[in-house]
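Each of the next two complexes has chain A plus one other chain: chain B in the first, chain C in the second.
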Partner chain A sequence: MLRDSLYSYQLLNPDDRLFVGLQNYAELLTNPDTLQSFGVTFGFAAGTIAVVIPLSFLLAVYLNGRLPMRAVVRTVVFLPVVTSAVVIATMWTFLLDPANGLINGALSGLGLPRLAFLTSKSQALPSVVLVTVWQQLGFATVLFLSGLQGIPNELEDAARVDGASALQRLRHVVLPLMGRTTLFVVVIMTVFALQSFAPSLIMTSGGPEGTTNFVVYNIYQTAFSLQQPGMASAISAVFMFIVLGISLVQMGLLRTKWNY
Partner chain B sequence: MRSNKVLVVRATLRVLAAGVILAAIIVVFLLPYAWIVASSFKPQATIFRDLNPVGWRSFVPINPTLDNVVHLFTQRGVGRALLNSAIISACQVAGTLTLCSLAAYGLTRIRFRGSGIVFVLILMTFLLPIESLMVPLYQVVAHIGLQDTLVAAFIPWIASPFGLFLLRQAFEELPRELDDAATIDGAGHLRIFWSIVLPNVRTALATLALVTFLFSWNSFLWPLVILQSPENQVIQLAIAQSVAPGQLPNWGETFAGATVATLPLILLFVFLQRFFVRGIAMTGVKG
Partner chain C sequence: MIKSVLLCASLLMLAGGSARAAERGSPTPACPQGVLTLRLLRSINNPPQPDVVAAWEAANPCVKIEVNEVPFGQLADKISVLAASGNPPDILGYDGPNTASYAAAGVLLPLDPFLPAGFKDDVTQASLTEHSYLGKLYSPGTQQTTLAMFYNATLLDKLDIHPPRDLKSGWTWAQALEAIKKCQQGDGDDVAIWGLAPSHFGTGQPGFVYRDLLFQRSAGDPKAPPDSSAYKTYFAISPDGKTADGWLNTPEAIAGATFYRDLFNVAKVTPKAGIPTAFQDGHACFTLDTSYFMAGLIKNDPGFKWGVTPLPYIRSPIVHTGSVTLGVSSKTKYPAEAAKFVIDVSTGTPAEAYAHRARILPVLKSVGGKMPELNEYPLSIFYAELTAWGQPRPPSPHFAQYDKVVSDALRDIAYGADPKTRLDAAVRTLQPILSR
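Right after this comes the complex of A and B.
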């Protein structure tokens, strides 16, 4: 039963593709909205990673030290990870509200100009990136933390005996050893970001002007609002191969032995 | 003397820096929650008034009212949605545990041709983004006639490759001598499974149960696709609906909904943090 249930949906996609033919794919490649949607999604993934990786690494280093309130910080940072994407998207829609949002309230309280955030073409995507960073930071930090805890203490101790400062130890001992973990976190975050859906639906409806029209939202709209399951399947297939490719690269890289 | 002074200054700076980082983290991560929870006990006008300017009043309900929560349960069917979510999550947890533990037993304890290939094939499905299977999956479920039923909301996910992966690892770690001893005592597969293996992998089962519950409770896209009628609504859909574009949202009510939907998970998380962090970290360990 387990086998069948997993097989059947794997087999269904090729069937679909056969029926609809290549026409959908041709259309997909020429449709500016679809292309924009792929572009936006990759831009979103890149932006998220550029922010989340350095932040979570630093946070993990911080949490790995002997500091007070470590447990509290870890719990607090992990809260958004167990909160649903819907609640987070809802929460931030209101936090970022141009008229009555908390963030704009705080900005004007500090004498700064109010920002349009989600309703502005140039600010919508960066806003969604920040929300996603906020959501995923705890997860990335936990992954980095388990990587850091895998580094034998002797290495750092040896460097300390040799007179290396904390910064030098971080730069020359810890950082090179974390290559594999970093790669791992990057791939996981990429796959997560690519699968993002709730922000598009709840926060922006894909707008303004398609600037937050993520692929999964595009698939959803195409299939269930526009009633074009064939086209949606074509987009799904392309999307699936991209994500699959990334996951396979990850598996390959993790299998290879890394020498330090 | 001088170097001593420098050391003291440095130590003070370090404590200060740590304090600032700590405060920043807590502000950034807790204040949004505080605002939402506090505002869910306020009428709309008060929420807006307390933001102008932002101050401690924004995060404390001074004259708390339960109107929002009451209205949610009496008018918006949130009680029903919570119940549906609970039913779906419970069934999904039970189904996943049953199916995955049986499959893991079969794959680790019964020798048969091609068991390695079966495992690899199942793991492959782990790499596929579920989102890309939404359309074909919808067609299958609609074809069977399960569309818009609570069963459809959890049945596709109980054959969880992640669950199998997690349990297989736990099963592998259990020494086979235990089984052998039981076999000599005349125990069959079911007996070994129930009395020997399962009691020894309780941590893994608890981890899987929690992670499955978390994903089921928080899932959004699939229920959105497959459930239509209001009596089948789940909690995440109910919240999403109250912010649907084009509607004038009632802030306090939406916040109350978000609070109600998140509270069970936050409580579970705070008490069972260890399992959660372990389990969620493992969802990333594909392959």
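Right after this comes the complex of A and C.
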């Protein structure tokens, strides 16, 4: 990949290649479309994580308790995880259709205006975030649940004996001990979000106006549709190092101070 | 990463058995050299049809055709991967406007040595231009298409609207829009019958170059001085296929694109997304489609009267030509056999039978001469358009890239983007690619 990024050639004729040195990298850094795709991808990842992490933690707390309907909720939440990303993207494309989609039908039934979820510049990215949250929530919940079930009961019991309320036990006992799990979930969710491809391909084709043009989709389009595999390799290389850097920063910031 | 993708794709193809080289079987009394198996890649529902392949195999018992299919939307990407693999299929069914791209990249084999004498004289000019590169012919062509405007005559009769049935009195888009507005039932969120059906070409989103670039090209003028912006708007790319700046983003092109955007966002007579069968289901008054669509309406009666009128235009009438076609891979080990198949199924009886059955426009004049229906309404509209208004999609050795970038721009314009800003951005992306 690094070697390919130093050449200019077409995928149709890979033998006819020209060594261009770092030219692909220079063009990448000045190409507004590529820079936009990086911005969109990191915004998408931040949005997804900001919603998935707290929501999945709360769900895990709920599922870890002795409340009713736990098995049903667990199944419903986890089902999208084992469903193909392509199937999910296709299904949500139908659900979000402005004319015939179920969601717009419901809005219309309530007397609210129909929304252009996937064709509006301001709504497309939030819509894709919503779909991704729906898909990834179950996986993050299961990870948090396993973390919660690994906390020794004695620690919570001791806090209870000391008079700590449920909220206090959650804040001062459970949350600090969930550090390792949280780190793992954040890193995994970040990687999943940065790898996102199916929503761009199936739901929006990267539009409107590049607002859902995720980096991986951009790499695919640059290599196959625009026939610039050298440039696509350069974007891949830069993206790989950025993702590596983000993961290292996350691991540094979220390093656990507690163990059990 | 690209290599990984290619490796995975290659492994998948190997698993599917489609990446095997053409091979000969053991000799038999009837085939002393063994039965040769040629591999063919085509898009689903496109020629050559299974009965045509079977008939050719029966007439050529020492050659078998192994067919692999992909959806049309994945065809170009599949060919890119296969071409890079070094072991592409022997015969490629591909989209005709990509001929120059594939020829320039050495993917296709020139067919000139295999063609019968005088063959090029029999090919219609639009097809000859589209399937040639640097004076060599790379495909005989299997069919031609143009767009016309279908209308629901049952609905229009009630409104006393009678669209023209000949090119001479064809509507401008301003006239067509009046009829479209009158026919639409409902507005805002509550539309029962749309004025103009959504596109079902490509991904089903707006912006497909074959259909939607015509709005801005028709705002140009081929009779204007060659250095004028009106002339350049009509052709949408320089003659050498290497310049889009000043051709794709002229004031006339922006005006045409603005009209196109307003259909979705101001007049609101066509949806940004919608049912691909809106016209057939009676939920749209008009739709833009090919003669192939007519065959579907004849076969499956929609339950209402329908008609065809020439494609409207802004300043100059124009329709895009071009369709899927067949070529031979430059890497095949059996060029003569592969070329024979391609030429046989694209000419003579198979071509005539396919043209009659599918209601497509023939590539060969000799086939056209045997189709009296070409001069009968409604097929006459398409045939007249092909000969009088037909233009290839902007020819370039980088057409695939042009197609992708312009489609994305037109889709965004349909969704409400500023036409000038978006066309300028498309040119900015495209120009370095075209210049290479």
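In the analysis below, the second predicted complex is superposed on the first by the 224 of 260 C-alpha atoms of A that agree within 3 Å, B and C clash if a C-alpha of one lies under 4 Å from a C-alpha of the other, contacts with A are read in each partner's own complex, and residues count from 1 in each chain.
Just so it is clear, contacts are C-beta pairs under 8 Å (C-beta built on N, C-alpha and C of every residue); 3 or more make two chains touch, one makes a residue touch a chain.
No experiment lies behind these values; they were computed from the predicted model shown.
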{"item": "Touched partner set for A:98, first chain B, second chain C, both or neither", "value": "second"}
{"item": "Touching partner for A:221 - first (chain B), second (chain C), both, neither", "value": "second"}
{"item": "First (chain B), second (chain C), both or neither touched by A:206", "value": "second"}
{"item": "First, second, both or neither for A:229, with chain B first and chain C second", "value": "both"}
{"item": "Touching partner for A:33 - first (chain B), second (chain C), both, neither", "value": "second"}
{"item": "Touched partner set for A:120, first chain B, second chain C, both or neither", "value": "second"}
{"item": "Partner chain in contact with A:167 - chain B first, chain C second, else both or neither", "value": "neither"}
{"item": "Partner touching more residues of chain A, whether chain B or chain C", "value": "B"}
{"item": "Overlap of the chain B and chain C footprints on chain A, listed as residue numbers", "value": "1, 8, 10, 12-13, 16, 100, 108, 205, 219-220, 223-224, 229, 232-233, 236, 240"}
{"item": "Parts of chain A lying in touch with chain B, wherever the complex brings them together", "value": "1-3, 5-10, 12-13, 16, 59, 62, 67-69, 72-73, 75-87, 89-95, 100-102, 105-106, 108-109, 134, 139, 142-143, 146, 184, 188, 191, 194-195, 197-198, 201-202, 205, 216, 219-220, 223-224, 229, 232-233, 236-237, 239-240, 243-244, 247-248, 250-251, 254"}
{"item": "Chain B residues touching chain A - in the complex, by the definition given at the top", "value": "18, 21-22, 25-26, 28-33, 35-36, 47-48, 51-54, 58, 99, 103, 118, 121-122, 125, 127-140, 156, 159, 161, 164, 214, 217-218, 220-221, 224-225, 236, 239-240, 242-243, 245, 251, 254-255, 258, 261-262, 265-266, 269-270, 273, 276-277, 280-281, 284, 286-287"}
{"item": "Complex contact set, residues of chain A against chain C", "value": "1, 4, 8, 10-14, 16, 27, 32-33, 97-100, 108, 113-114, 116, 118-121, 205-209, 219-221, 223-229, 232-233, 236, 240"}
{"item": "Of all residues in chain C, those that touch chain A in their complex", "value": "1-5, 76-77, 79-81, 83-84, 101-102, 105-107, 189, 191, 203, 205, 271-275, 398, 400-401, 404-405, 408, 411-412, 415-417, 422, 425, 428-429, 432-433, 436"}
